[in-house]
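Below: a set of structures, written as structure tokens.
Across the two complexes that follow, chain A remains constant while its partner is chain B and subsequently chain C.
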Partner chain A sequence: MTAPLMQHHILEYPGGYTRSVGPAVGRYLSGLRDGHIVGVTGSDGRVLVPPTGYDPVTAATLEDYVPVGPAGTVTAFTWVNQPRPGKHHLTHPFAFALVRPDGSDTAMLHVVDAGSPDAMSIGMRVAPRWAPARRGYVTDLEAWVPLADGETPVPAPPNTNEDVSTEPVTGIVTPISLAYDINAGVAASKYLRALSEKRIVGQRAKGSDDVYVPPRGTDPTTGAPTEIEVEVGQVGTVTTYCVVNIPGLSENSPEIPYVCAQILLDGAHTAWFGLVQGLPADEVRMGVRVRAVWADDPGPDARSIKWFEPTGEPDAPYDDYKAYA
Partner chain B sequence: MGSGIREVAVVGFAQLTALEDREHNEVELIIPAVQGALADAGMERHEIGFTISGSCDYLSGGPFTFVSGLDAAGAWPPVKESHVEMDAAWALYEAWVAIQTGDVDSALIYGFGKSSLGDLHEIMGLQADPYVVAPLWPSMVDMAALQASAFLAATDYTESDLCAIAARSRRAAVDNPYAVRVEDATAQELLARPVTHTPLRDSDIAPITDGSAAIIIATREIADARCERPAYIRGIDHRVDAQGLGLRDLATSASTKLAAQGAGVSNGPVDVAEIHAQFSHEELILKEALGLDDAVVVNPSGGPLGANPVMATGLIRIGEVAARIRSGSANRGVAHASQGPCLQQNLVCVLEGDQ
Partner chain C sequence: MSALRTAVIGVGQTRHVVARHDVSIAGLVREAAEEALVDANMDWADIDAVVIGKAPDMFEGVVMPELYLADALGAVGKPMLRVHTAGSVGGSTAIVAAKLVMAGIHERVLTVAFEKQSESNATWGLTVEMPFSSPLVAGAGGYFAPLIRAYIRRSGAPTHIGHLVAVKDRLNALHNPKAHLHLPDIDLATVAESFLLWEPLRYLDVCPSSDGAMALVIGSEQVAKNATGPVAWIHGTAMRSEPTMFAGRDQVNPLAGRKCAADVYAQAGIKDPRKDFDCAEVYVPFSWYEPMWLENLGFCAEGDGWKLTEQGATAMDGDIPWNPSGGVLSSNPIGASGMIRFGEAAQQVRGRAGDYQVPLHTGLALGHAYGGGSQFFSMWVVGASQPQ
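Let's turn to the complex of A and B:
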């Protein structure tokens, strides 16, 4: 068996997601920035930390914010042997824990920097270790640390972050990046491998004449597997198009204006999305006949076809492609 | 169930699992399940009134993967279709409701997930609160371990009890051709292995699994005509707990208890239960919340500890119970599905054969 076609893929939004935090979480994060922990009194008198904007039982609006802590008690924990770089803010082993701050009736999920799993136990007393530079983020409380008998929590040092506002926190930016290794699948692999041989190969299901290209492994009308391979033409008809006047973000983007088109390849029954070059944008039209222009070094990659250019043939009559327009 | 409720039965079921499938893409993973469920029901695609799937785009990191997933089910002429970004057990619930409206008489439900493409445990952690929890990057396993920690602290159970569940599940999975992790080991042997996520061991954690499942449900009129012994849905309900992990008692599952009451679990004897426990301790919490005694056979398939094709795992629980009723080896059973960190959302379905 040939090796599967794989593609490494990172899912992220450059700079991170910008989130509005609302009044309750905003109050909590403002508190962390200023070096204290804020809870809210619920409808039944329970103190909830982190505060919620609405009561979890009655849904009543909650606004009775109260200070809690600074010390707390561990109610559950698990040890993390290998912190993940770029994700966990501590770079050495630590515990995730549920910590109930003094004066609170609920526990909050955070980290305990205890050095060793042997130092962790349920019921242990902990105190906040504050980050010196705080910005209104959950890691302003850098970690909970063990608090020995008779020891008192160390207050937060003055904030060394000179750029930070003293106004209530209204938003945060959360970076999220996820890594994947995607596999193309059977049908797409056959199609992609054919591209490296400068061939375009679609598929059809038994009992159907409809050829799908690129193939996805099924006939999308019936769900039947498409097990029959069909090589289609490299010449086709523009069924519809769009003139793009907005510059692309990639440095490989064509100069504007450029034309994106749906191209019905001869022998195929689904239109294909491609670029049209070699024809001024204002001369591109439905029915114009075009041919694939291959990259110099085609591979199992959709970019092996650079674009389509006019063949010079007469335009296809509308009736020939109207079912696909 | 009260009057005015249409009787609906499971009439077809198929599943497909692999430890790490690098050959097929998601669509190709769904095709055999859909075709298999249709064949099992003796129905053609065009006879199906409603089509619905459950999946999670984050598993493969692409937007709207469920739309291409529909290619595997066939959608022309245009079909009545829906999707839930939940385990497909919730899709089955929506399909059941659609049949109750009288609008349709049958439904195809499928769930799929290739959880081996990314870091499943990290991805699922993003279900947590995005302001104060997710930025700390606790994984799905870290959060489950916190629940296990809270559970053991609140009860008399020990790590040895967790290993007993893992051992029983792995042994039961030996007979399940769809299980991806099987082992004939004793609880003592598992207990001797290292703790990986205090207090959990690797054997307490469901394996990463790629897979899919499909179920066909239909009204009594269709079911009795197509199926020798349909598995009737006698009750189905789902509930959700508060989002904040600290806001709920992690040693219990209030939402499961309510869903079990709503589905009528205690209205008759339970022969078999398939429980969506991705971690050993979850089975103990859920068994208690479902009100099941020790006479009930739990997860004879090996359960999620044997195979965990995320977004199909819950639907498979319903399929496994239905299969046992249809084969006559059980008459009344309970299927449970869960979603979200630390069992946040729970669905309970009671299935029964005609006497």
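Let's turn to the complex of A and C:
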């Protein structure tokens, strides 16, 4: 029971980021939607693909767009034997490759769908395989495929995506998620495990009376480890609060309006945020005494305390808690 | 060891708006940087190094944006740094850029701060739900509103003081063509009747969410002397930080803010900020933070901040105008907001603030930013004359 608690967590902005792409990338994505590849001529005459809005040598604005490809040459690659769902848009093994479209001086990062690593080589000729339904994303060019000697690239088929605009592309939606295992840490794990026993346990450092709830392992004023566990009261004082009238973005957010209070538990030296229920929002006040209300099935999670409700005691005098408000 | 004399040579910013769908992040920073270069009468090749700042990466979902922005900011082949101190980042970014010149490392540094908040949602970005915790604090307002209530209790301020600031800063913004909000009809009643978000904060007590960027060109003494236009000499810079939570922490009037102010005032020879400055551009994202920071920054005794606001001392025609530009309450591209304060203070002492120019007597102005849970502070003092 001493190992830190771990929890798997996926961080993701609901719906994805709404990315405005600007004129250069917009031109590139519009080209892919329409079935061709666009580059831009730099100040030194080099053709850059994908086009950049600003010259990498002089920083000047670049606007001299030129068509490139459709065929290209692989300049480097690595084989992906086990594509991951949601991460790679091809579901069978493929190569990540740098492909230099004909007429371009730079190579673009994309995928080559060659069936086998044996079919891959530096210098190999490739041609685009276009998605039938295109929407102005880089995956409209579904993959590059090997191009045999004497073969000509297959032009993009008419776009079957009937919903897509023919106007220049100005934005894309980019879902991004990060999955990782959160380690609660040694100190917080002790506190969280105590919550599953309906106890609130803080910590203090040797030589200090300051009790931290929740503990973070060190006393932030000295950096000393908080090795001494101290069980604090389940009753405390609302030092200050606000009434929240905007809905949270989490499905676990309380229903509005709700009272989010800083509560100083008896025996603790820092206030923590808690939900106050059991009296109307307009009757909550600084100094009101509250007690923790536990979930029926508490676990090692802050949500084991459902909320705080008034104890009915007289309010704490302001002088008793003003240093914490 | 003393710092070399350093000045702001050029200032540029975008028109701040709710969403710039027409440009990428690169296009946004580019606009501000080009305006600053034109103002400084310089070209990309004149710049020795680039320092950028923005608030948490979750806002746009671009990790290490400095790499992707090198082309747009002419930084290829030059040093490029990124600074990160939450909401105070615009200020600390300008300070890091200035110190590269003060230390004699570079002659001309371009510094840019930005936020393109339309790419996601700042309330989500600031209060992401994490395992083991309960999703209680909704956005920055949910964090700061209880501190405002504590300030009201502590100071005995009447409840309309915040609304006075909300009106004053928006009326100032009417004279600033770059400000996001232009609300000509705003008055106390409109603010008092606006939607209650985080009681006691109402909708119009709160800053907007903006897309925007701010850029400064900072130069050495020699560069400043060769400048074709007026410059703003940097008389002092300071940064302080403290943990979000510790026993005995004064969250309403944080120690880090008081110490930061004392440091920058000592460098610039400021004895009485209310008298010694011609104006101040201070990070006030929620209306009540004007009286709270008046006290924290020593413009009055503790408990008296709201009286200055109520008397009109901080209005354009008061003795110490705060946020002549309209402030954070009128434009808030979060990562840029601190640098906008620093840059607007520079514009005032250069005599370049246009229709919101204050009269210059001492020729000194304060730029201020704060971030996190009132735990990061950055400040500078700029002046029309060279420091002694």
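Throughout what follows, the second predicted complex is superposed on the first by the 311 of 325 C-alpha atoms of A that agree within 3 Å, B and C clash if a C-alpha of one lies under 4 Å from a C-alpha of the other, contacts with A are read in each partner's own complex, and residues count from 1 in each chain.
Note that in this section a residue touches a chain if its C-beta (ideal position, glycine included) is under 8 Å from a C-beta of that chain, and two chains touch if they have at least 3 such contacts.
Nothing here was measured: the structure is a model prediction, and the numbers come from that model.
> Between chain B (first) and chain C (second), which does A:Tyr137 come into contact with in this model arrangement: first, second, both, or neither?
first
> Is A:Met286 contacted by the first partner chain B, the second partner chain C, both or neither?
After superposition on chain A, A:Met286 lies in contact with chain C alone.
> Tell me the contact category for A:Ile182 with respect to chain B and chain C: first, second, both or neither.
Both chain B and chain C are touched by A:Ile182.
> Could you look at A:Ala148 and tell me whether it touches chain B, chain C, both or neither (first, second, both, neither)?
Neither: A:Ala148 stays clear of chain B and chain C.
> Quick one: is A:Arg19 in contact with chain B, with chain C, with both, or with neither? Answer first, second, both or neither.
A:Arg19: touches chain B and chain C.
> Of the two partner chains, chain B (first) and chain C (second), which one does A:Pro56 touch, if any: first, second, both, or neither?
In the superposed model, A:Pro56 contacts both chain B and chain C.
> Touch test for A:Ala97: chain B only (first), chain C only (second), both, or neither?
Only chain B is touched by A:Ala97; chain C is not.
> Counting only touches as set out at the top, which of chain B and chain C does A:Tyr318 meet: first, second, both, neither?
Once the two structures are laid over each other on A, A:Tyr318 reaches chain C alone.
> Let me test your reading of the model: by the given contact rule, A:Tyr28 touches which partner, first (chain B), second (chain C), both or neither?
In the superposition, A:Tyr28 contacts chain B only.
> Overlap the chain B and chain C contact sets on chain A and report the shared residues.
On chain A, the residues that contact chain B in one structure and chain C in the other are 9, 11, 17, 19, 21, 25, 52, 56, 174, 176, 182, 184, 188, 219-221.
> In their complex, what parts of chain A are in touch with chain B?
1, 4, 6, 9, 11, 17, 19, 21, 25, 28-29, 48-50, 52, 56, 75-80, 84, 87-89, 96-98, 100, 106-111, 117, 120, 122, 137-139, 172, 174, 176, 178-188, 216-225
> Show which residues of chain A lie in contact with chain C when the two form their complex.
5, 7, 9, 11, 13-14, 17-23, 25, 52-60, 170-171, 174, 176, 182, 184, 188, 192, 210-212, 219-221, 239-250, 252-254, 257, 260-262, 269-270, 273-275, 281, 286, 300-303, 305, 318, 322-323, 325
> Could you pull out which chain C residues touch chain A in their complex?
Residues in contact with chain A: 19-24, 26-27, 30, 44-45, 58, 60-61, 71-74, 76, 116, 118-121, 123-125, 127-139, 141-142, 145-147, 149-150, 153-154, 195-201, 243, 245-249, 252.
> Give the list of chain B residues in touch with chain A in this complex.
On the chain B side, the touching residues are 21-28, 31, 34-35, 45, 58, 60-62, 68, 70-76, 117-119, 122-123, 126, 128, 130-138, 142-143, 145-150, 153, 197-200, 242, 244-247, 250.
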